[in-house]
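Below, each structure is written out as C-alpha cells.
Each of the two complexes below includes subunit A, the first together with subunit B, the second together with subunit C.
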Partner chain A sequence: MSLAAGPGRGGGASAAQLPDELQLVVDKHVAYIQSLDTRRDELEYHLTEHLRISGIYWGLTALHLLGQPEALPREGLLDFVFSCLHENGGFGAAPGHDPHMLYTCSSVQILAMTDGFSDLEKRLPNGKMKIAKYIASLQQPNGTFAGDVWGETDSRFLFCGFLALSLLGMLPNQRPNEPPIIDLTAATDHIKACQNFDGAFGVAPGAESHSGQVYTCIGALTLAGELDSYLGEEGKDRLGAWLSERQLPSGGLNGRPEKLVDVCYSWWVMTSMAMIDRVHWIDQKKLTSFILQCQDPDHGGLADRPGDMVDVFHTCFGIAGLSLLRYPGLVEVDPAYCMPKPLVDNFLGRK
Partner chain B sequence: MGKYSEDPAWADIVPLPTDEGGPNPLAAIAYSDEYGEAMSYLRAVMASNEFSPRVLELTDDLIDMNPAHYTVWLYRAQCIFELKYPLEDELAWLNETALAHQKNYQIWHHRNTIVDKLGKWQGEAEFVEQMFELDAKNYHVWSHRQWLVKRFGLWEEGELEFTERMLEKDVRNNSAWNHRWYIVNGREAEGVRGVTHEGIRMREIEFARKAIAKAPQNASPWSYLRGIVRKSGMPLASLKELVLQYADTSKPDGVKSSHALDLLADVLAEGADGKQQASEALDLLSTKYDPIRKNYWEYRKGLLGGGSSASTATAA
Partner chain C sequence: MASHGVPRVSGAPDKSHQAREKERKQIEQYKDLERNVVEKIKAKDFSNTTLQLTGALLKQNPEYYTIWNYRRMILDDVFQKELDANKDAAQAEEGDAAAAEKAGLTLAQQEIVLLIKEDLQFLLPLLKQFPKCYWIWNHRLWLLTTATKHVPSHITLELWKGELGLVSKMLSLDSRNFHGWNYRRTTIQYLEDLSGKSMVEPEFEYTTKMIQSNLSNFSAWHNRGQLIPRLLTERQAGADERKKLLDDEFELITRALYTDPYDQSLWFYHQYLMSALDSHNPRGPSILASVSNGDRLEYLDREIDSIRDMLDGAEDCKYIYQALLDYSTRYLEVDAGNKKITTTEMKDWLDELRKIDPLREGRWNDLAGKLKL
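Moving on to the complex of A and B:
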C-alpha cells in the first residue's frame, strides 16, 4: 500500500469547471486503492514505510465503506500484518520497524476487518492476550499511554490503546469479572485533564485545543462509557459550539481557529460531533460538496483540499466523512472506531 | 555503487535488504537509491546492536533524508546514551535538524529526552522563538514550550511577555492565546491563583479588551473572555458594556463581531426580561452574520424557552 501522494489531484485536471452536482466516483476510488501496491519503484513508497500498516488500514477501511471489502486479497493482507508482529505482542509499521501503539492499533483494526483473529491464534498462540498486554505495558503512572518504549505520550496513543483493547474485548468495562489489565479511571482522568477553557481538548493538559485531539479524547470517553456522565448536555453544547465553529465558508472544516480547511479535519470534527449528537449543527450539504471537490474524478483518490495531490489517508477520511453525512450508497461508518458500523456491531455483539 | 558500499569505514558491514512484503512478497523490491542503501546499512548495524560514532553519522544521514522514520530516532537515542555522547553536541545538531525539518514531530520528543537528561533549559526559549519565526502556530513547538515551563518552573521567567510579543505579531494566533491561559492559570494545583484572583482577572480582561479592539472578529480573545467568566464565576452582565460596542440588536446592520453578538445573546438571556432581545441576537446570527451554523443558533434559541437560562449552554 503506497502512501505516496498522487498521481492525481483533487478536482482533477479541470477543477475550475466542476459541475455543481458532484458524484462520488466509487469505481475509480476502488481502482485507485488497488493500484497503490504497484508503486514500489517510487522513492516515496519507501520514505513512507514507517506508516505502511496504517496505510493498509486506511485503504481497507475506504474499500469497506465503498462496499468493496474484498478488493484487496485477504491472504496478502494477513501475511503483511503478521510480518509486522513482534514477540512482545506489538506491531511495527512494517517488517523490521519497532513495535508502536499506532501500528498495533491499525493492525488490530485490519485483523477485525479481515476476520483474522483465528489466523492470529494459529501464528501466535494466545495472541489476543499478548497484544493486550503489550498495550497495557505502555500505560504510564499518570494514566496516559506512551507510543512505544521511547516514552512519548499523546492522547492519540491512549485512544488507540482503548480502541484496540475494545476490539480485542479486553477493556475493563467489557470484562467486569476479570482483573483489569489497565487502570481505566487513571486514563479517563487524564483525558478529562486535557479539556481546555474553550470546552475542547488538546494533546496534553494545557495544550491548545485541536480537532484531531478532540476526536481521540471524545472517542476514548465513548469507549470507556463515560462520555455522557462527564460532559453532560452543557459540556456537549460547549464542545459542539467549538467544533461547529470549525466550518468555514467553503464548507470544509479546520483543525484549530485561523487554520486552513482540510478533508481529514473535516472527519475528525464531524465524527466528534456525531459522538455528542450534534452533527446537524454544521451545514452538511456544503461539507458534502467540499469533500466531493477534493476527489480526482478521473483517476480516483481524495486530497486534503481541492487542487492538491490525492493520497490514501485523505481518501479514507473523505469517504468516512461522506458516510457519516449519509452519502447514498456508502456503508455506514462507526464514529468512534472509524470502521464499517455493521462490522463493528457484529464484532462487539451490539444489536 | 553507493556512498556506503564504497566507503572503507563501512567495508565490514554486509547490508541487509528490506524484507517488506512478508513471507510472500507481492513484488520484488528493486530500488537502489541513496536512501535504500543507507537503510540497508542501518538494518545491518541494528541486527548486530552496534553503537558507534559511525552509526550516529548514519542516523544523521537517514534522518536528513526521512525524519519521520521513528525507528531511526529510537536507535539514535539509544546510541547517544550508550556512547555517553555529549548532550550539548546533540542539542546543537538538533537545532539544525529542527530548522531543516519543521513539520517533523519525532524530533521534539528526542529534544525533550535530551533536555530532560541535561537538566538545563538555558537557550531553549530562544531556540523555540526562532522556530516560531518559521511557523508561529507549530503545535509541537508549543507543546515543547509548555513542557519546558513545567519541567523547569519557568512560569515567571518572561513567559507572559513572550505571549505579548507573539500576539503583537499576530493577534489571531490562537496558540499564543492558549499559552497565555496556561501561564496565567496553569499552577492551580500548586495553589497559585490565576483569573480567580481579582487583580489578575482585571489584567486579563483588559488584555483581551485591547486585542478585541484591534480585530473584533477574532474568535480567540472572545473565547478567552468566556473562559475567564466560566472559571472565575464573575457575572456575565459585567461584560455587557464591552459587548455592546461591537454588537447591538438595536443596530442590526452595525454588528462588528459575530462573537460579540453570540456573547450578547447570553448576557441578555441572563437578565430578567432579555429573552426577546436574546432571541433577536440569535436570529441575526442565524440569518445574517453566521448562517452556515443556522441549526446551532436555532438550538440556542430553543434553550431560551422553557424557563432555562441560555447562559448554561455556552458561558456560565
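Moving on to the complex of A and C:
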C-alpha cells in the first residue's frame, strides 16, 4: 500500500472558465487520492518514494476531512506503516529508507488516524516507548531537535517531535509523575529564541520570519501549553498583523512579504491565526474561493495556484484550509495536529 | 516535494504508446540504479564505484535523502581508513608527501581535503538546478563541518571562504532564497570562529549592496536588522554614535518608502526600527544606549510627520494609515494629553483603511474596539 505524492494528471478547465459558484468536488478528490497508488507506470511515482509515508498522511487526512475515512483500506495502510519501522523506533519514508523525524511523525499520525497503536504493540512490544525514545534521542543540547542522526536541525523537526510525542502520550506535561524523556523547557526556550520583532518566527534564531516556521513554533508552544502565557494579547496582535498581511488581492496567502500566493499557506498561515484566535483578520470568503479555484474540477486534487498541476500535498492543505474556513460538509480540523479534530479530541481524552 | 508553479495542461491527450514505452524504460533504469546502490551499501561496499553510483542517482533525484546518507557513510568510511592507515611519507609518492608537507597537512588530511573538495564540486550544478532542496544544502554543511573535524583550521578557513563566494552567487540568482541566507549566516559564524575576526562590518555592507540593487528584498533588510546591535557593540559606540546610526537608518528607509510606499518589505523594516523604541516589544532590538520617554516622543513625532507627508499622492496606500494609527497609539501611551494626535484624525485614518483594505475588515473592527474609535 503506498501513495504517489507527485502531481496529478493534467487537464481540466482553466481558472477563467470556472463558474462563479465554485463547489468542492468531493467525490473527485476522493477518487484522485485513491488512484495515487495505482500509478506505478509513471516515473514521478518512483521519484517521490522518499516521501511516500507523508504522502499517505496527506491523503488520509484529506479523506478524513472529506468524511471518507474508510476510503483507503486500513490493513494495507498499517502493513505499509510497519514496513517502514526501524529497530531504533524511527520510521523511514518507505521500506528500506532511513529513519527520519519527518516520517516518524507522519507514521504516528497515520497510526492515530487508523487506531493502530494496539496493532503496533502486537508487532513491536513496547512500541510506543521505542518510538518516543527515538524522538527523544534527537534532541540537541540547545533544546532543538535534529531530523536524524546526521544532525540537521530545524524548528520543523522540533514541532514534529512534539506532535508525535503528544499522540504517543509521552510529552512531559502529559505524564507529570514520570521522569521526562525530553527537556521541554530547553525546547520551548529555543522556539522563543526563533521569534523576531514582527512577532513571527524563523527556522533558527536570527532567521527571517516565515509562515511555515510560524506554524511549527506556534504549534509547538500550543502542545507545550505555553502559547497564551508566552504571547499574551499584545504578542498575538503583533503576530496576527504579520500573518494577516499574507493575504493578497487574489484571496490567497503567501509565506513571506512580497512572495507569491500558494495554497499550502492557506494552512500554515491560517491555522496559526486559528491558534491565536485571529482567523477573522483575513477575508475568509475570498480565501475559500481562491482554494476552490486551485482544484482540478475534472480529475480531482488541488494545486498550489489556479491552473497548476495538482498533488496530494496541496490537496491535503487546501482541504484542511477549507475545513478551518468551515466549508460546509467538511469534518473540523484540529489546528495544531492537522488531523480531524473529533478524532484528536477522542484520542487525547479532551472534551 | 510537491509541484510548485507547474502549469496544468488543459485537455492533454493520453500518452502515446511510444511515450509510455519511453517512461517504462526510464523507470526500469532508475529502479536498476537504485537497486544497485542499495545492494552495494548492504554489502558494505564503500568503494569509489559505489560513491559514483550514488552520484548518478542523486543527479536524477536529489530529494532521495537516504542516498545522501549513504554518500556520507561512504565518505566517512574513506576518511576513517585514511586516518587509520597512518601512511608515512616513505611509503607515499614523493610528490604527494612534499605537497602535503608544504600545506601543513598529513597525507591522510590531504586526501580528506581532496575528497571534500571533489564532493563540493559535485554539488555545485545540483545546487544551481535545485536551489530550494534542503538535502543538498544539508550535505554541503556536513562536508564543511566534517572538514572542520579532521583538518587544521587554516585549510578549513579556506574552504569556508569558498562557501561565502558560493552563497553570494546563489543569492545573486535568487535574493530571497532563505536556504541561502541561513547558509550565509552559518558560513559567517564559522569564518568568525576560525579566524577570530568579526565580519559584522563587511556583512552590514553586503546588506547595503543587496538593498541598493533591489529595495524590495526583505531578507536583506532582515539580516541588516540582525547585524545592527552587534555592529554597535563592536564599534563600542557611545550614545551619540548609536543615535546617529538609528537616524541614518531612518533616513535610508524613508527615502526607500518615498520610492515605493506600497512595498511591505520596507514598512516591516520601518517597524523594526520603531520596535527599538517600543518597551512593549520583547523582541525589539537594542540600538540606542538608553530609551527615555523623551526619545520616544522625539522619534514618534518625527516619523508621524514624515509618514503623514507620504500621503500626498499615495492616498490609497494602506500601509501609511496603518503606520499612522500604530505610531499614534504609541504616542498617546507616552503622552496622553498631547495636542498632536486627535481622535477625529485617527478615526478618519481607520475609515480610510476600512475602505481601501476590506480584506482585513475584521482586524480593523478589532482595532476600532481596542482604540475605542
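The working rule: the second predicted complex is superposed on the first by the 339 of 351 C-alpha atoms of A that agree within 3 Å, B and C clash if a C-alpha of one lies under 4 Å from a C-alpha of the other, contacts with A are read in each partner's own complex, and residues count from 1 in each chain.
By definition in this document, a contact is a pair of C-beta atoms (placed from the backbone, for glycine too) under 8 Å apart; a residue touches a chain by one contact, two chains touch by 3 or more.
Worth saying up front: this structure is predicted, and the values here are computed from it rather than measured.
Chemist: Specify the outcome, clash or fit, for subunit B and subunit C once both structures are aligned onto subunit A.
Modeler: clash
Chemist: Determine, under the contact definition given at the top, whether A:Glu178 touches first (subunit B), second (subunit C), both, or neither.
Modeler: neither
Chemist: Report for A:Glu70: first if it touches subunit B alone, second if subunit C alone, otherwise both or neither.
Modeler: Neither partner.
Chemist: Applying the document's definition of touch, where does A:Asp37 land relative to subunit B and subunit C: first, second, both, or neither?
Modeler: A:Asp37 contacts subunit B only, not subunit C.
Chemist: Who does A:Asn196 touch here: subunit B (first), subunit C (second), both, or neither?
Modeler: After superposition on chain A, A:Asn196 lies in contact with both partners, subunit B and subunit C.
Chemist: Can A:Ala241 be said to touch subunit B (first), subunit C (second), both, or neither?
Modeler: Touch partners of A:Ala241: subunit B and subunit C.
Chemist: Looking at A:Ala303, would you say it contacts subunit B, subunit C, both, or neither? Reply first, second, both or neither.
Modeler: Second partner only.
Chemist: Considering only touches as defined above, state whether A:Glu87 meets subunit B (first), subunit C (second), both or neither.
Modeler: After superposition on chain A, A:Glu87 lies in contact with neither partner.
Chemist: For A:His100, using the defined touch cut-off, is the partner it touches subunit B, subunit C, both, or neither? Pick first, second, both or neither.
Modeler: Once the two structures are laid over each other on A, A:His100 reaches both partners.
Chemist: Subunit B clashes with which stretch of subunit C: 3-11, 39-47 or 93-101?
Modeler: That would be 39-47, the only stretch with clashing C-alpha atoms.
Chemist: Touching subunit B in one complex and subunit C in the other: list those residues of subunit A.
Modeler: Common to the two interfaces on subunit A: residues 41, 43, 46-51, 92-93, 96-98, 100, 148, 150-152, 196-198, 203-204, 206-210, 234, 238, 240-241, 244-245, 247, 249, 251, 256-259, 280-283, 286.
Chemist: Under the touch definition given earlier, write down the residues of subunit C that touch subunit A in their complex.
Modeler: 1-12, 20, 23-24, 26-27, 30-31, 38, 60-61, 63-66, 69, 72, 134, 138, 141-142, 176, 178, 181-182, 185, 216, 218-219, 222-223, 225-226, 263-265, 268, 271-272, 275, 280-285, 358-363, 366
Chemist: Under the touch definition given earlier, write down the residues of subunit A that touch subunit B in their complex.
Modeler: Residues 37-38, 40-41, 43, 46-52, 75-76, 79-80, 82-83, 92-98, 100, 148-152, 196-198, 202-204, 206-210, 234, 237-238, 240-241, 244-245, 247, 249, 251, 256-259, 280-283, 286.
Chemist: Write out the stretch or stretches of subunit A touching subunit C in their complex.
Modeler: Going by the criterion above, the answer is residues 5-7, 9-14, 41-43, 46-51, 92-93, 96-98, 100, 148, 150-152, 195-199, 203-204, 206-210, 234-235, 238, 240-241, 244-245, 247, 249, 251, 256-260, 262, 264, 278, 280-283, 286, 296, 303-305, 307-314.
Chemist: List the residues on subunit B that touch subunit A in their complex, please.
Modeler: Touch residues, subunit B against subunit A: 18-24, 26-27, 29-31, 33, 35-36, 39, 43, 65-66, 68-71, 73-74, 77, 109, 112-113, 137, 139, 142-143, 146, 150, 172-175, 178-179, 181-182, 185-186, 219-220, 223-224, 226-227, 230-231, 292-296, 299, 312-314.
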